[in-house]
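Labels A, B, C and D are assigned to the chains in the order they are written; within every chain, residues are numbered from 1.
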Amino acid sequence: MTKKKNEMTIDGEIQIKYKWSLGKAGERFFTELRDNKKIMGTKCRQCGRVLVPPRIFCEECFVEDMEWVEVEPKGTLMTFGDSYFSTDGKRLEEPWMLGIVRLNGSDGGLIHFIGEARPEDLQIGMPMEIVFKDKREASIMDILYFRPVKD
Amino acid sequence: MTKKKNEMTIDGEIQIKYKWSLGKAGERFFTELRDNKKIMGTKCRQCGRVLVPPRIFCEECFVEDMEWVEVEPKGTLMTFGDSYFSTDGKRLEEPWMLGIVRLNGSDGGLIHFIGEARPEDLQIGMPMEIVFKDKREASIMDILYFRPVKD
Amino acid sequence: MAKRVAIIGVGMQKFEFRKKETVEEMVFDVTRNALENSHLSKEDIDAVVFGSAVDAFCGIHNSDKVAIDASGGLLKPTMRNSTSGSTAISTPILGYTHVASGMYDLVMVVCFEKMSENESAQAVFSTVYDEAFVRPIGLNVPIQCGLEARAYINRYGITERQMAKVSVKNRGNALSNPYAQLPMKLTVEDVMKSPYLSWPVKLFDTSPVTDGARAVILASEDVARELTDDPVWVKGLGRGADSVWFMGRTNNDLGRLDYAYMAAKQAYDMAGIRDPMSEIDYAEVYDPFTYKEMQHCEALGLCPEGGAGRMIDEGISLKGGALPVNASGGLQGEGNPIGAGMSRLCWCYFQIKGQAGDCQVPKDVNTAVANGWGGMYQYNAVMVIGRD
Amino acid sequence: MAKRVAIIGVGMQKFEFRKKETVEEMVFDVTRNALENSHLSKEDIDAVVFGSAVDAFCGIHNSDKVAIDASGGLLKPTMRNSTSGSTAISTPILGYTHVASGMYDLVMVVCFEKMSENESAQAVFSTVYDEAFVRPIGLNVPIQCGLEARAYINRYGITERQMAKVSVKNRGNALSNPYAQLPMKLTVEDVMKSPYLSWPVKLFDTSPVTDGARAVILASEDVARELTDDPVWVKGLGRGADSVWFMGRTNNDLGRLDYAYMAAKQAYDMAGIRDPMSEIDYAEVYDPFTYKEMQHCEALGLCPEGGAGRMIDEGISLKGGALPVNASGGLQGEGNPIGAGMSRLCWCYFQIKGQAGDCQVPKDVNTAVANGWGGMYQYNAVMVIGRD
């Protein structure tokens, strides 16, 4: 959009660098992801729910009585989105896709890219699986993307 | 300060560029500063107070019944501060000084650098004057600094 | 039982893409307007509450501090609320608690957002995402809404044409709103042909980037009765907050806004409303995207759950319909300065008072509802106002 | 007349420079602690209010949204307040308005700040300055305080040694506080020899960068009486906001905090306190810098205006003095996680209840006062609590 003429402005920027703590639960999750290609959740010993992303407490029972459990790198596509614009606003030739996948063996899920598929190949409720990156660095980007499970 | 060992972090930054509007009052103030080396205030036609920095309304009378008036580039030192650290944390040889000066002919003032003086030359209540920059660009930096008025 | 609180005036200004005024100047504009409309002076105001959703938009963090002088709050008690987009209605709720507490008789509620000072709204929005699980994948607002919209229309069988009709209605309604940024005479085909941002959300399903402010003056029951013979009461209010971990919520479905149903239930229970479809005369519903108006109409009980498509198909929410929604144009037609979405409440007030000008609906309005939505598909705030 | 509101429990955790926990984990820690101390479960909580001063510290904007699950606020009404440093006390005031409005019987107040996620506190602070008149000159926190401290000590004849004694007192008091970040046994000479940040403010006149959270549970009168035989009531509260244009204020003197005197007067009027020096038994005073404790003692009427130097010289504010101030260590000794400075209120509660452990003062405490300060020399919020 164009700016009105004759408006005087001060140009500047805000720039702040961060080192965000992963926290107690995040450290374990991302370490297992990096070292063992495992998706870990925390299971509440009181209600049995398995949280992904993991937390050190159960928000329903409000206790810190959790054990770590491995969940499947597979699950159900809850919803997905596509866009022909990159996050920085560039027009894309191929659609950029994100999906939310509920992981088997858990009551939670993750959001990530979808790969090896076109939007028309996807539908809510279909099985998906995680493709891991070969070189992993303890980040959510250690997951390459979700893809439809191949029969 | 040192970071604890073994803490895992995500490194990132927030970076946002801005074009801040000077606003109705600011446009006039900074234009006069740039073009005419004048410090302008707005005078409330109801209570007679002269606001610097100027505003389009009087916050006491709560009306937009203001006229522009020129105020003196001189005034009284209300307080001052010195620091041997730059804003980005570097140790300085010479002290960096800021002062708040109440400008003559106004009920307001400005904050800016103090130059041509050492901390020991300064005291609250002394007369100060503005030194303008030669090349001005409609910014508060069109003022070089305040200095003590030379007799 | 809580004390009664009335709205006795509102302050308006035009919503625009890039206002030349500073935040302080914008706030003065609406505060003065609200005082004039209420025949009050700033000395009458006991306390001020501010609402602004995201300081990174205007790049002045703790932006409440620049608004004090201009709000009539100088050397008075002030507070600043921020609950993302739901700030639009949670801020008048904050004002309500100030008055209902018995401490203040007249409270100025000022909401403002200067969204266009920054060079990239996306850079601003990225500051709100969880840094470990979400931010790295580069989630942005269009695809964030695409994810939700797809879940919603998949669950309830809503169509893109039904969404488009909401856009046509709201932008068309805005033609009668002198404060509107984006009034447009559109057809359903125009909307359907507009480019996809993220399926099913198209350009004309969205709301613009907006600068603007709104003010609302709240009064205690005694003072309201002194000031007016026709007070508009706050009758009900509610709020709900869901988990930031939207990928692992208990209800397993982004398409169903549990937190919004909850907020509506609180508000209706407080107002003694059992059947909103018959008891609510008018609604201003938070509509940053067409499907959000539809979801919120359902959550507010203005139509059956999943029935928002039929509601627009049957013309119920049109200006001349049985239950008009966003006759002001809503966020899509009037503009979407997040926190200043309190405009939704202002228009409910105007409709009840018969002061909505060309936006006035052709029916009696005694009871109206407004809501706000925000966060990671997270917050809803609801307020019901009306005559006795 | 407002309904009565009681504090029925608080939640604590250790303040530290760089906590390993996320904001969510920090908030869970203090919420659970508050529930345990109050013998309540999260189901008992009707609403939650959050306070956090500056989102840019933790780099998660609208940080309230990550704290919901951990606060017991999931699918409940929540709100988020932010009035710079005065958030520390304006947030429990927000909680008070929630309860006093009659809408909620039990409200969880959670304040948190994770200040050390960023790599430069100065970069964060620069986001709060006016962009046209102030930000370009590179104002920073040390010199900002130097400007104010010089005006203050010039006006009232305060000395650097008197300031130093406040540092010795507070860091020394923190030795008894298990939650403290910076307990130190110092001498006045140690403080005087510490490097100047900006005359007259030296390193040991300041408070550290801190991560931490606090929780306070507020209850309506009826519920409080069910829960405890010894309720601690909110007796008075006040707030004042001055102009952001600190260089042009009406009172012409940064050294005199009109807005703080005003906030104190409101709180004392409400509490029926006419002579705070004799009626206040204990105070926790906002002390990010030594001279701020002194200014606030004066504004709160704990000593005559200009008398804070004599107050510390005469030992009145020492732990064993006639009117002890910050026996917890204050922000200087306990740590200064801006909004979580609500700890000041927590320690007033502990002193009244006789639960302050090694920090307990050797006198009866029935009435105590706490305050918070923030913005561009701008905000003060005051709360008086006590027994009947």
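For this structure, a couple of remarks:
As a working rule, a residue touches a chain if its C-beta (ideal position, glycine included) is under 8 Å from a C-beta of that chain, and two chains touch if they have at least 3 such contacts.
Values in this document were obtained by computation on a predicted structure and should not be read as measured data.
Relative to subunit C, the chain whose mean Cα position lies farthest away is B.
Mean C-alpha position of subunit A lies 30 Å from that of subunit C. Subunit A and subunit D have CA centres that are 38 Å apart. Counting partner chains per residue, subunit A shows two or more touched chains at residues 3, 7, 10, 12, 14-23, 26-27, 30, 55, 59, 139. Across the assembly, subunit D contributes 18, 20, 24, 56, 59, 69, 74, 120, 126-127, 131-132, 136, 243, 245 as residues in contact with two or more other chains. In terms of inter-chain touching, the protein chains here all touch one another pairwise. The touching residues of subunit A, counted against subunit D in their complex, run 10, 12, 14-27, 55-57, 59, 62, 64.
Within the complex formed with subunit D, the subunit B residues making contact are 1, 3-4, 7, 12, 14, 18, 20, 22-23, 26, 30, 51-53, 55, 59-60, 78-89, 96, 98, 100, 102, 106-113, 119, 124, 139-141. If you check the complex, the residues on subunit D that touch subunit C are 1-3, 24, 47-48, 53-56, 59-62, 64-66, 68-69, 73-84, 90, 93-94, 96-98, 100-103, 127-128, 130-131, 238-245, 258-259, 262-263, 266, 270, 375-376, 378-379. The touching residues of subunit C, counted against subunit A in their complex, run 17-18, 20, 56, 59, 120, 122, 126, 131-134, 136-140, 142-148, 150-151, 154, 196-199, 209, 243, 245-248, 250, 252-255. Those residues of subunit D that touch subunit A in the shared complex are 18-22, 24-25, 28, 32, 35, 41-42, 56, 59, 69-70, 72, 74, 114, 117-120, 123-124, 126-127, 131-132, 135-136.
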